[in-house]
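Paired with subunit B in one complex and with subunit C in the other, subunit A is shared by the two complexes that follow.
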Partner chain A sequence: MSLPPASGTGRYFAKAAKSIRLIRQGCTNRPFFHISVTHRRRLNSQPVIEQLGSYDPMPNINNEKLVALNLERLKYWLGKGAHVSTPVSELLGLSGFFPIHPRTYMTAWRNRQQERENLAKQEAENAKEQTAAT
Partner chain B sequence: MSLLLQKIATKHVKTLIIKYEPCVLVISNRKLNIVPSFYDGEQDPAPKFFTPNVQNLLKRLTRPDFTKVFRKRNNQGLHALKTPKYKFLTKEELELEIAKANEKADVLLQIPPVLKIHKPIDEVLSRDPALIGYDTSKYLFTDITFGIANEERIIIERDTDGTLRSCDHDIRKKLNQVYFPITGRKIREPHMFSDEEKFHNLLDRGEYEFVLDRACIQYEPDEPIFQKITSITYQHVDNNKCYNTLRSTRHFGSMTFYLTWHQSIDNLMLEIIQSGFIREAVLLAALRHDVHNDVREGTAAQSLAQEIFTTPLLLSKLERLTEEDIQLDSKCIQCIEKYIVSNSTIKSQHELALQGFKEDFQHLSELRKGLEKAHGNV
Partner chain C sequence: MFSQSSYLKRTIPLFIQTAGAHRKPRWLPVAKSKVYRIPKRPTTSEEERVELLRLHNNYKTQMRAIRRFYHEDMIKEKSTKDSASSEMSQQLEADEWARCFELNEKWNAEISAAREERRKLEIAKLEEYTLARMEAKDKELQIKIKKASEKIREQKELSKTFITPENLDEAIDLAIANPTDYNYAIDMKGMKFEGRDTIISYPKEDKNVAAN
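Up next is the complex of A and B:
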C-alpha cells in the first residue's frame, strides 16, 4: 500500500476547529507518530488535513530520538488558529519553537525525584546488608 | 640476501615469499605509507580553483576522449542494451549533434569542487538545567520545510542536560540523508572507506575512478575524510604514474589542481613531456603560475596557453605537422626549457624527456620540409 500524500486526504472545512496532534502510525509494540493537522472533532484513525512532521519515540542505535517538523506549514496552521495538543507542544517546546511546556519541567522534576529516591533506597539497602554482615 | 630484501622492500611488494634453503621467510607489507595532505592551511583554494582561467586549463588538461567519456559503465537500470543507431547526416546536422555531445560531456566532466575543510559548528542556542532528567536520549529536530537547501536546513539537538545546540556536520549529513536521501549515499560509512585494508586493496588494484566516484557521492567536498581519501588516491596515482586511468574523467582536474597546490607536479610534467604533449606541459606550467605565481616567464606561458586554447584538442601525437603547428610547438619547447631551468626539481629527467621530444619534432619538421619539396611548394 502506498503512503497517503503529505497534503492529506481528509475533507477540509474552513470554519471547523483544527488541531495539531500526534497520530500513531506504527504497528504493535513499535510506536511511530505523524504530527498532523486535523479537525478537532475527528478521530485519529480518520484521514488528516495535512501532515506536518513525524516523531519516532524509540531511540535509535546512537540513543537519539528523531523529530521532523515542517516549520513553514506549522506556522501557517498556527496562524489559522489551530489548537496544539500537549505532546506536540512539548516537542515544539524542546525544539525551541515554543516556550518549554510546563509538563516537560514536571516530568523532568519527577524523574529526578524518582532517581533520588531510588538512590536513597539503594543506599539504605547497602547499609542494611553491611550491618547484617557485621 | 639482505641487499635483495632491501631492494624488494623499496619496491613496495605486498607479500613476498623467499625460499632460502632451510627456512621460509614471509614479509607482508600491506600498509601504504602515504601521508594525506589537506586543504586546511591559511589559504583557501576555492577562489583560485573557481576562476574561469584555471577551470579552462584543468578542463583542457583532462584531455577528454569521447569514446571514454561516453563509454558504457554498467547496465544497471537497463533491461536490455540498446542497439546503436547509425544515421546519415548533413554537415550542419552533424555539427549540431557534436555540439549536443559536447554539452553532455561538459556535464559528465564537471570537476568536483575543491574547498577548504569546514569548521566545526559549535553554537549553543539555550541552556536549561531544569530539563535534566527529562529523558535519557537526545532529541534531534529537523526542519523539513519544502525547498530549503541541505546546507541551510535548521537541524538542532536537545541534549540530555537540557542544552539546545546546532548539530555538527556529521549529524547534519546523517539527518539530511534520512529525510532527503541522495541516491548512492549510505548513512553508514561504506567498508571500502572505513576499512583501511580494503581501501588499500582497491588502490593497489588501480580502481581509482571507482574510489573517487564513490567518495564524491558519499562525502561533501569540504569534509576532512573526503580530502583524506582523495589525497591518498591522488598520491597513489602520482606515485604509480597511472595518470591515463584518470584522463577523460572528471577527477583528473581535481588531481592536477591538488598536485599543483601541493607543489608536486614534476612527475605529471615528466609523463606529459614523455608522451609528447608539449602543449599540455605549457598549460601545466601556466596553471602553476596561476596558482602559485612562482614560475619565471610565467606570463609568457599564460599567453602561450591562450594561444593553445584556440587550437583543436589533440588526443594523440600528430603524424604530420603544419607550418602553424611547427611554430607553436617550437615556442612551447622554448617555454618548457625555461620552466625546467627555473622550477623543475628533477631537471635531468625533464631535460632528457624534452630532448627525446625535440628529436621527434625535428624528424617531423624535416619530413614536412621534404614533402613540401616533393610537392614542389617550396
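Up next is the complex of A and C:
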C-alpha cells in the first residue's frame, strides 16, 4: 500500500524537467528547509509539486540536525527522472540512500586540514610564550 | 521619454519584489570604490583536484546505475499494475476486504463484550446509589414524624388547660376574682411601683437619706 502524496499546490507539467531541492521555509535567523519536487526552471518562492521531506539545519538539544524523508515518493520521482540538487544529494548520501557525495568528503578533509592548522598555530604560540617566560 | 502620468497608470508595478530583492539590480554598474578591486580566485591544489575528479567520476557512475534501477523499477511496477488490474488484483482486493471485515467484526465483538460488562457495573453502582439515597430520605422522614408526634403530644397535654364552652363561665369567674394589673410606674431612681392605684410611699430611712 503506497502512502498518499504530500502534494503541493504547484501546477504539474508531465514533460517539464523536475528537480528535488531544499526550499527555505523558516524566518529570519531561523532556517528550516522543505525537501520538495518542483520544475527545474521554477523559483523557490513559487508553489511546489510535492513535498518529500524536511531538514532542520539548527542542532536541537541533543545536538542533532533532523531530516525527514519520504523514501517511497523519492524513489518514484527518481524513476520519473527528477534531478537532485547537490545539498539534497549530500543529505541523501549521509542518510544511506545514495552513495556519499564527493562534496561531503571535500568538506570533511578541508575541515580536518583547518583544525590541524589551528592546532599547529596554537602550539607555536604556546612555545613562544614558554620561551618568553624562561 | 515617459511622462509621469504613464508611470502612474501602469497596471504592473515598476519593481517587483522577489526573493532576491536584497541584491543589487543587474543593470547597475560597479561601485566607484570597487572598480579596481580584483577578487581573489579560489585555488585548489593539483592533488585535491585529481582526488575530486576521481570521486566525482565514481559518484556519477554509481548514480547513473541507481537512476536506471529506479527507472526500470517504475516501468516494471507500471506494467504489473496494468496487467494485474483485471482478475488478480480484484481477487487480492476481495481477500483484503474479507480479512479487514473479519478483523473488524472481531474487534466489534470484543468491544461490545467490554461495553456490556461496563454497563452492568454502572447499573449496579447506580442502584446502590439510589438505594442509599432512598434510605437517607426515609430516615429524614422518620425524624420529622417523630418531631411532629412529640409536638402533638405536648399540645395535647396543654389542651387540658384550654377554655372551652363548657368551662367558659368558670374561667370568667376566675378571671374576675383574680384581676391582674400590668400597669406600673418608675421613679427617677428606677424604683418600680406596680398597679394603677398604688399609693407611692418610700420607707422612712430612704426619706432621711433623700433629705440629707
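The rule is simple: the second predicted complex is superposed on the first by the 129 of 134 C-alpha atoms of A that agree within 3 Å, B and C clash if a C-alpha of one lies under 4 Å from a C-alpha of the other, contacts with A are read in each partner's own complex, and residues count from 1 in each chain.
Convention: a residue touches a chain if its C-beta (ideal position, glycine included) is under 8 Å from a C-beta of that chain, and two chains touch if they have at least 3 such contacts.
What you see is a predicted model, and the numbers here were worked out from it, not measured in a lab.
Legend: residue contacts after superposition of the two complexes on their common chain; A:Gly79 is shown touching subunit C, with no touch to subunit B. Legend: residue contacts after superposition of the two complexes on their common chain; A:Tyr105 is shown touching both subunit B and subunit C.
Judged by the touch definition given at the top, the superposed model places A:Gly8 against neither subunit B nor subunit C.
When both complexes are overlaid on chain A, the residue A:Ser45 reaches subunit C alone and has no touch with subunit B. Of the two partner chains, subunit B is the only one touched by A:Lys65; subunit C is not.
Contact comparison for subunit A: of subunit B and subunit C, B touches the greater number of residues.
Once both structures are placed on chain A, subunit A residues 105 are touched by subunit B and, in the other complex, by subunit C.
Residues 43-45, 75-76, 78-81, 89, 98-99, 101-102, 105-106 of subunit A are the ones that touch subunit C when the two sit in their complex. Of all residues in subunit A, those touching subunit B in their complex are 53, 59, 63-73, 91, 94-96, 100, 104-105, 107-109, 111-112, 115.
Within the complex formed with subunit A, the residues of subunit C that make contact are 18-19, 48, 52, 55-56, 58-59, 62-63, 66-67, 70-71, 73-75. On the side of subunit B, the complex with subunit A involves touching residues 125-126, 128, 130-146, 154, 156-158, 162, 164, 175, 178-179.
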